[in-house]
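The letters A, B and C name the chains in turn, as written, and every chain counts its residues from 1.
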């Protein structure tokens, strides 16, 4: 697999995307689909621009990013520590694995009511939900990563006198890095999805709130633009994460 | 500790009734049984045997990486109870750390030596030159060919400057030319630095060119099948009748 | 064997002590019963839910059935659509290049962000929920099918060619089996997505289904009912994914599953 995307790939991709956008545009303008409930992209963007205050939108974006970052960082950090501990130390695996197995099947969104009961309607409840969204993929990946480090590598390091914490730091954790990276990327995507849902259900700012509010006002164009905005934000941040991961382990691990 | 009971010419490395079984007591798979081998200090010993007869297992026991199920292994009068008693190991699968460069892997080898940072760097550079990979110092293992990886693994073990070199088919993945070069180099290091070498190979030729002693392991019955001293003078000429006679002897030992 | 036994004993010990501590703390006023209803309270809630129902008349079984039906419809629709499409795109490089950015973007759109739009189109009824589930599952599924089909080891394909396999037979003998583990991985991920989406979707504009149940119960300060609902959601998710894993073992016996290999 080559890491470089060739120019022709980009051109083909653009062609495909453009085709879809054009078909959509054409269908909406010609009246094949009702433009009032499914506006064409240009119309939607145009009228959304009129209805939306730019400062407001930037604030919504800011709030959403802030929430997802805090929740994600807390969740990923806890996931890394607990996952690695459970993979390396037997007592930690006895303690944490059953709890993780018990709670993992419960989707993070199912915690919303309880989060509201525990933390009220403010920010902490959102952090908590996003925390859960990030925690489970990361903890699973960290655990898997550590227990699947090639035993031959551990042995090789032992012949050079490494043991205990040194062995964990120098061999087990780097060995777990590829799995961990995958887990972190999944966790980011999930955190993002969770964030939007949390904002739909209980928030008075953020992108999720923005589109839910637009529905109440009947502004379909704002909804469409909001959806595209959320998608684009997810895509860009995911790209940043992939880039960071590649910087981190890409050279030795490959794609 | 029994180190004072052993007499003066006793072995430096000694396998005493070593046995290994994988799996449970009653339902296990016996790989080694009653292995008794004594290896003198500075001796170069090769082990040959059919695939799957337990060579790697025996080396792992000597390296302290795998515990024997019975018997004991003693190095310099001290029972082996873990790695780090002077054994440097070259693994059958190179076992390089994928997240370290070639230079980084070699440096890992001298991590617990008390050289200064500059000296370590110097050593790493020398070893890279030795294995002919100075140009690949900053390449990661996945960017190296199989033979190059194996050479880095050898350099990593040498970086540790161990008393004992435990090598599991170290030259298996190399081309003939590099193999002969590295064989010569290994002999040179062994002579100059006075190391004890435990060497597994599938090549009778290689064993004959290198060793003071060749041990043939047999799967049925398990254990040492033959133990041959090679007294031919070095560098060894592969075309002499004595060489060929020994070759034939080992060949027959292996195929019986 | 004894290792396994030890694990079970420890696990049981962890759970039982946690439950006891929780019960003790709640009944003795260290924890507020509304925030942390005691295990005994939760058990009562479960009985009430299965007999009387919450809201009255809607027993837990009704909620479960509703939720499972919604997931099943959306999930199956997504899979039936994604597998053939994924095969097509994965095997035709031009199509793959044309659609790649669309698929990446489609997957990036947070499924639940579509909720307001889909409500505008189809109202708050069943169809909305099924469509959302189908949407979420579809992208997860199709990216995995494409990846599975696209990255079939060239060596395997060539090996089959050498034996004279070509055309459709190539699909049956090499490509499908080689892609199957990835397809199953996708199916499992998609199920997770479906579960997530349904819970979120049911929290808005309905009183039937497990998502609605846990949200409604909160509104009426019945946190023990919320917790019962969450546990049931977990159990269902666990059961379905175990079912998938078992099916995978039968259909893909050569792929021992990462769990088995790596331990």
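Assume contacts are C-beta pairs under 8 Å (C-beta built on N, C-alpha and C of every residue); 3 or more make two chains touch, one makes a residue touch a chain.
Quick caveat, the model's predicted, so the values are computed rather than measured.
Arrangement of the chains shown, judged by which pairs touch: a linear chain-to-chain path with two open ends. Relative to subunit A, the most remote chain by averaged C-alpha coordinates is B. Averaging C-alpha coordinates per chain places the centre of subunit A 49 Å away from that of subunit B.
Separating the CA-averaged centres of subunit A and subunit C is a span of 17 Å.
Our note on geometry: subunit B versus subunit C, Cα centroid distance of 51 Å, whole angstroms. Per the touch definition, subunit A reaches subunit C in the complex via residues 1, 8-9, 12-17, 19-20, 37-38, 94-95, 97-99, 102-103, 105-114, 116-118, 144, 147-148, 189-190, 192-197, 200-201, 207-208, 211-212, 214-215, 218, 220, 223-224, 226-228, 230-232, 234-235, 238.
Contact residues on subunit B toward subunit A in their complex (touch as defined above): 60, 63-65, 82-84, 87-89, 91, 93, 95-101, 108-109, 111-112, 140-142, 157, 160.
Here subunit C touches subunit A in the complex through residues 7, 10-11, 14-15, 34-35, 94, 97-102, 104-105, 108-117, 119-121, 151, 192, 195-196, 199-200, 203-204, 210-211, 214-215, 217-218, 223, 226-227, 229-231, 233-235, 237-238, 241, 258, 262-263, going by the rule given at the top. Residues of subunit A touching subunit B in their complex: 150, 152-153, 155-162, 171, 174-175, 177, 249, 251-254.
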